[in-house]
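Got some structures for you, see below.
In the two complexes below, subunit A is the common chain; its partner is subunit B in one and subunit C in the other.
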Partner chain A sequence: MVDRWLRREDERLLTGAGRFVADLRVDGRLDAVFVRSEVAHGVLREVDCSAARETPGVAGAWSAADLPGLPPMPGGEPAREWPALVEDRVRYPGEALAVVLGDDRYHAEDGAARVRTRIDPLPAVVTARDAAADSVALFDGLSNVALRGEAGSPIAGEVWERAAVVVESRYRQQLLMPSPMECRTILCVPEGDRLTVWSGHQAPHRLRSELAALLDRPEESVRVVVPDTGGAFGSKSAVFPEFIVVAWLAVRLGRPVRWVEDRRESLLVATRGRGQDQHVRLAADADGRLLAYELTVEADVGAYPHLGVAFPMQTAWMATGPYTTPLVHATVRSVLTNTMITYPYRGAGRPEATSPLERTMDVLARRLDLDPAELRRRNLIPPELFPYRTPTGRTYDSGDHPAALDLALRTLGYDGWRAEQARRRADPAALPVGIGLSCYVERSGGERGSLHDYVGVEAGEDGTVVARCGAASSGQSHSTVFPALVAETLGVEPARVRLIEGDTDELPGGVGSFGSRSAQIDGAGLQHAAGLLIEEARERAARMWDLPVEETAWSEGAVHPVRGTAAMGLSELVKRTGPLRIDERYEADMAFPFGTHAAVVEVDPDLGTVRVLRLVAVDDCGRALDPAVVRGQAFGSIVQGLGQALYEGVPFGDDGVPLLANGLLDYLLPTYAEIPPIDLRETRTPTPRTPLGAKGAGESGCIGTPPAIVNAVADALRLDHPERLQMPLTPDVVWRAAA
Partner chain B sequence: MKPSAFDYVAPRTVADAVDALAAGAQVLAGGQSLLLDMHLQRAHPALVADINHVPGLDELTASDGTLTVGALVRHQTFESPGAVPGPLGDLFARAVVTIAHPPIRARGTMAGSLAWAHPASEWCALAVALDAVVELRSTRGTREIPAGEYFLGPFQTAREPDELLTAVRYPLLAPDTGVAFTEHRRTGFSFAQVAVGAALTVRDGVITEARIGLANCADRPLRAHAAERTLIGAEPSSPAFTMAGEAASTEDAAPVPEPYADVDYRRHVIAVLVARTLREAAPV
Partner chain C sequence: MKITLTVNDAAYPLDVEPRRVLADALRDDCGLTGTHLGCEQGVCGACTVLVDGEAVRSCLMLAVQCDGVPIRTVEGLAGPGGEPHPLQRAFSAERGLQCGFCTPGFLMLAAGALDHDPRLGDEEVADLVRSNLCRCTGYEPIRRAITRAARDHQNGQEGRHRSV
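Our next item is the complex of A and B:
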């Protein structure tokens, strides 16, 4: 059945025929370049664009003072407004001070280099813990704390006092850059009363609503189109200050304006992920049964209150993890810091929940002298308890967690590695190896308010079928997967079905692609819509043939009488009965994919280097629509998880400016040379919440892999107090922990 | 990340190239450093002289005990140990695979690395350890500078702006020289946190000659003279190598802090890496 999954995107993308925003040619287009603050925090004294305006090839240059009425970022607070261009106070490094438009990016950069700015620096705070102390206020007279929240109920003191063991620890989930291959892009083309916006974006309908509101014009007058998009990982789901400036100027000048973010800008001002300081307490009885778990989160949310200040609540809601812990309490403080905002990055709140729990489980196992696999087995939620309501307010749909753990151990050859570990421990010349486990549960589909999408299936006279949905691919192979799913439902050749998405003119609404929701929600929706199309076809045929509907049937893309052989294909039916198009708003509940990841590492304690010898990932995403795509997603997210564990981080100078002058030579992403042997396995527990049964896939590696690797390093070094192992586990960190 | 406007010339002779340099040109050879600096707006040359069309600069020759590496010899050339005779070829082959990744090695040049003078450059560390000589040409003539006097600091050398680095010369190593090169870095493609190259000669059971080059252990490439002194006359043994590592770390090196590598850690790594490199280089 390989043909069913014939890939549609590869030839175009692999032969350079893809069309990304930067490839679109529009006459008279201007390129925008932003003049950016080189300080993290300070008072803006002067912006002088006059020399820039005299630069050849420059069409104009503006500071905030030159653009009265430029709207601020949406979703904030009036008292702590986020202006699209800095007005009087810089609050994060790279914040835009002015914009220069040029015939091309070269000329615009020449102009930007001639904009003169003066900023009086202020002390900067770059971690939530520092910022929460309020010794440096980002907004005078206001606390840096932007939001407080909790999940579960406070745990009584006597629970901790009576427990046989209580483990307490602190962790830092470092700031990470989502790092898609294509950075952010927007091209705004005004044409008469309409504004067409091309953007590599995850949520085109939301971008349309936000831009229309910001520009104070009707939604219908704005069309957002998402062409080929080179990755997103959560970083392309919002509106950004630069987008506002570009759209505003395009409308004001009546000319197409484009911003194609480059890597250097991206490292300064793209949204970042994670960024939490955490404290945990975990109590167990003498047999290792978990009694209580408390997670305290201080989350960096960046310089301005925005839609994302509540995102750290995801960590609180998911704090229970895959265990039957009866008492769980999680509290969150979202704190403003002098960094670009944090926003969902692949995993988005679940890695931050999984990592502290899984690391603490290993400390507990060591304390109880229990095998870490056995400790987990004693506490995993058994299959018969689903749907399972957690103390932190989630209702897990389904799962067989012990099966995933057992499959991971078998795949790894767990006992064999334990024997190898013992052998090396007896040999002073051998480098130590460590084995790390991580059991996770995540949430896919979205939160209330984003658990629906618009879907459509339309049959044409020529025999083709067009599927439409509100998702927007940034590389997830929707054009391969969704037509195949619709074709399978209708019983037609996949080649006859094509997908249209990422264009706000094509559907009345759309939610987009994030939170592992496209297969689960849009996929189930398309299957549902295809089913409705079959029902409609049968009703039309019944009327045509003067039969009761029950006397008609559907097979192989055609309707036919139950008795008799005369079948009518979709094309003929449309010719006879007119246009046939189903449009639906489909809604489903969230789901909870899960699995177990395992890592084996070898550590050189003298240098602190970590070599990952093996990674095993057992993921359960219910029904996999296209196994190759799911494997690709798992592989990619594991590599990003490897990045968080060992390589990626944003070092700051004392002045709060990231030390990333050499771009990706300083912010180290794992490359091919760093990728260890990876074994992917799956268990299949379809979600009962849709007929399709697909749950989200694609974030598991970012969630499950980092704690597995860190646990393996702690195991190799036999650390009783692994707090010094804070990610990324760079060689100096590991060397110090080992010393 | 766009360069400022610049003019471009492609000279066909060394004479034309040095004329362009006299007119203020910067040299484009492999382009792996200059172009990056131009895109990052750290270099703003008004004129770029592309020397890739000058015949003869790509020659690699060995005669009379000297290896001459022309300005256009790419890193990649040295991946084959047979490209250079004797243990020197072996040492270069061990070092070259630690330089960036294959596409960069296919374009970048050894001479370009010496001209750029990044403190973490592997070639620069080997040049000072092996007593290489740098040949510089300008409209004023030709001069040669020993590598030990050539490097002055990060990205700073004795080369005048109008001088073209036309060749690097190395004395070949005696056939019984043991060589090794090791590097400590965060990923397969990142800059070295520390790199060490070593060449050891052992006669009658004692070390008679030792050359140790250190990359990214100071503001410029270093030859670890203090470490070498501890070795001369010693038996090749782990304690001797450990002592040499300590000497390199505490006496020769002057590391500066970097993110993920403060001075204490870097000194520790230097000691470990020098000892390991010497153990590997020791002829058996």
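Our next item is the complex of A and C:
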């Protein structure tokens, strides 16, 4: 009989037996509720928790002044410290002023409602460009600029002067909320000298070391466990002020304390993605050969310097894109603003690199009167040039970009749509259609310092195999995919292999799941570890049989002498020779997935509405461990990309407070009503950087789809000034652009 | 207030505050944590359960409104012998879930609709999928799953009718 459940995760998640942090029951647990600032920027004059403490069901209430020694956020600068609770200055809306613990959330909220606070508001700045002017300083006496960086070398003036065409434009990559359906969670349970931390998190080992350092205790005394996690998309990869408060209080009180973020809080204080103001210049000769590209990024990084301040450099390093442009220069200025911090969100820096380049390519094609597909074809890096070193310092591993472009055009029926477009243009009654392309290349695996992970494979006496790795799944099917890979390598039934991950007690270290790294790094690592286990098994068998190792062989989960038929399975081998476990720290280089996305839209210029008629995505992530899982990731990612293009954004009032008071009625996540027909196609160019050949998957839609859609709208409207179309393309934006 | 919630045919006598929402009573007082909370404002539908056969957002309903009314949650979706509901099978087969956080809501919404009318048409299925939020799958696999379950459900019922 075929297995009833396609994935190992499915049975528990479909029967209500999944266990997310909020589902865990621990006796004596307290719920944390934070009192939050309603202003974006101001001086904190007073926090009075006394009435809260008298509230029934409240176990305690504290402001920063009540918790001397509460550690600040790690990874910042001493002169611009980020306190876990506001001490004297509020710098972003929703920043936590006090915490109330109650025996349940209702009582904690009762208490929170009775905390009295007084803040004298200051003017707020919410965009990088405004903040860079330094007319409002977030830290007195210090500039708001937190980091400057560049990739590539400055381009000489004569290059621009001599070029046949130079296109210049400005773009805004709007702030986005990653919005996993489960918001952030943490449950801290102190027991004796140990603190067990349950959290829906992408990087459990990093969370452990950060919390241990913050609490000034040995790492071994902290255990982080990641149970079922309801999506993450980058937003659950850091330590947060609320985490510090909860862990600190749990230890101090010797009681379990939990924070389960609700959607209202999340829209106010979850990390956001993107947030860049960009200026570009692109030069080409009369044949459309690219000569030079310059990208200037003003990145809004939020209210405090933190790890994410340097993330916009990803955009600079990837600025070259998939083209052979000989001169590329990208500069970055990260600027503090009165918003919660920006942090990686699915794509993290690569959507911000792809979008300005691909949009500008379309403008260039229009200026040169060239078909946008042809312009791209003339400039894509040809397969024979890999490995390809870009002017912005990346070395692309492998690729066949023209093949991806051609497949996308064929799948879309490009010529047919161009004919339809011409037909409609000749018919005044017909709504215009537009066709948009976007060729992308992205980076997966991580950056220097995070290109490794810990992996292990262990054979048991009972014939089962346990695989371990430092990754943590939040919906990516690791429990299904990794055992299948290990089973295939060992030649055993997949049912015999199970995965343990997301538990810091199980491995000496781990990096986690972000930046499309799990399949590429952990997958390759597990395959490698399984290979080492086979070698070890052969050596043991050789000793036992008194044979040279070369006289042994491995097949179908058993070792046997090259000559002869006697085979010994793993279980027998373990029984005879003792425990068999391989633990490795596996490291590999980064890889560069790529592809082409194409969109067809119909626009009603009178109403400003955009109907996406068709999306085609051709993605190449090298070897796909489980093609159906990869397609699921690609599809979901495209829908998030659709969200950025058309619906999602964070509008601000003049006071710097996000206008999201109606929650998910204001922040518009795509629903099924918005899903166009989407065709997925793949090309397969394995990375030569691991024997496995897998590149990262799952971020492609957020990277490739938005510029394809925006280009299609610009094409439908025949816009010469693309600056008028800034995402999200709401009816208002489109109507104004069309007018 | 003293009430009795009847969930998946089991009685849960509770003493709850009148303000307690049904979702919290189910999750924390009955220990049925399969029902999830994604927004607590009636938008996402992750908290959908069946109250007297009707799909409701359990974050918008008070527990005291449900005293003595039969409630069905995802924990009660499988058959009495534990055999999976056609929807559970179909969600797995069509890859209608990734992280699984939104899944109980879609399952109960669709289960309620199938109970009312096993012959769900394409438009009705689309309407159901449009009602809830999922951030992982892009919805199309959920649509396929519900369509498949409706088909299996019908075949199953017709099969049963024939065998009677």
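Note that the second predicted complex is superposed on the first by the 733 of 739 C-alpha atoms of A that agree within 3 Å, B and C clash if a C-alpha of one lies under 4 Å from a C-alpha of the other, contacts with A are read in each partner's own complex, and residues count from 1 in each chain.
FYI, contacts are C-beta pairs under 8 Å (C-beta built on N, C-alpha and C of every residue); 3 or more make two chains touch, one makes a residue touch a chain.
What you see is a predicted model, and the numbers here were worked out from it, not measured in a lab.
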Open item on the list: Taking the superposition on A as described, I'd like to know which of subunit B and subunit C A:G475 touches: first, second, both or neither.
Closed with: second
Open item on the list: Just to be sure I read the superposition right, which of the two partners does A:T730 touch: subunit B = first, subunit C = second, or both, or neither?
Closed with: first
Open item on the list: I'd like to know which partner A:P74 touches here: subunit B for first, subunit C for second, both or neither.
Closed with: neither
- [ ] Would you sort A:A113 into first (subunit B), second (subunit C), both or neither based on which partner it touches?
- [x] first
- [ ] Quick one: name whichever of subunit B and subunit C touches more residues of subunit A.
- [x] C
TODO: Have a look at where A:R263 lands relative to subunit B and subunit C in the superposition and call it first, second, both or neither.
DONE: both
TODO: Considering only touches as defined above, state whether A:P676 meets subunit B (first), subunit C (second), both or neither.
DONE: neither
- [ ] Answer with first, second, both or neither: which of subunit B and subunit C does A:P561 touch in the superposed model?
- [x] neither
Open item on the list: By the touch definition at the top of the document, which applies to A:G531: first (subunit B), second (subunit C), both, or neither?
Closed with: neither
Open item on the list: Between subunit B and subunit C, whom does A:R25 touch in the aligned arrangement: first, second, both, or neither?
Closed with: second
Open item on the list: Going by the contact definition given at the top, which residues of subunit A touch subunit B in one complex and subunit C in the other?
Closed with: 105-106, 262-264, 662-663, 665, 671-673
Open item on the list: With touch defined as at the start, can you tell me which subunit A residues reach subunit B in the complex?
Closed with: 105-106, 109-110, 113, 262-264, 606-609, 647, 649, 651, 659, 661-663, 665-666, 668, 670-674, 730-733, 735-736
Task: Footprint of subunit C on subunit A - complex, ascending - done: 4-7, 9-11, 13-20, 22-23, 25, 104-106, 179-182, 228-231, 233, 262-264, 474-477, 628-629, 632-633, 635-636, 638-640, 662-665, 669, 671-673, 675, 678
Task: Footprint of subunit A on subunit B - complex, ascending - done: 1-5, 40-41, 101, 184, 186-191, 193, 259-262, 265, 268-269, 272-273
Task: Contact footprint of subunit A on subunit C as seen in their complex - done: 17, 19-20, 24, 27-28, 31-41, 43-44, 46, 73-75, 77-78, 84, 88-89, 91-93, 95, 97-104, 107, 126, 129-130, 133-143
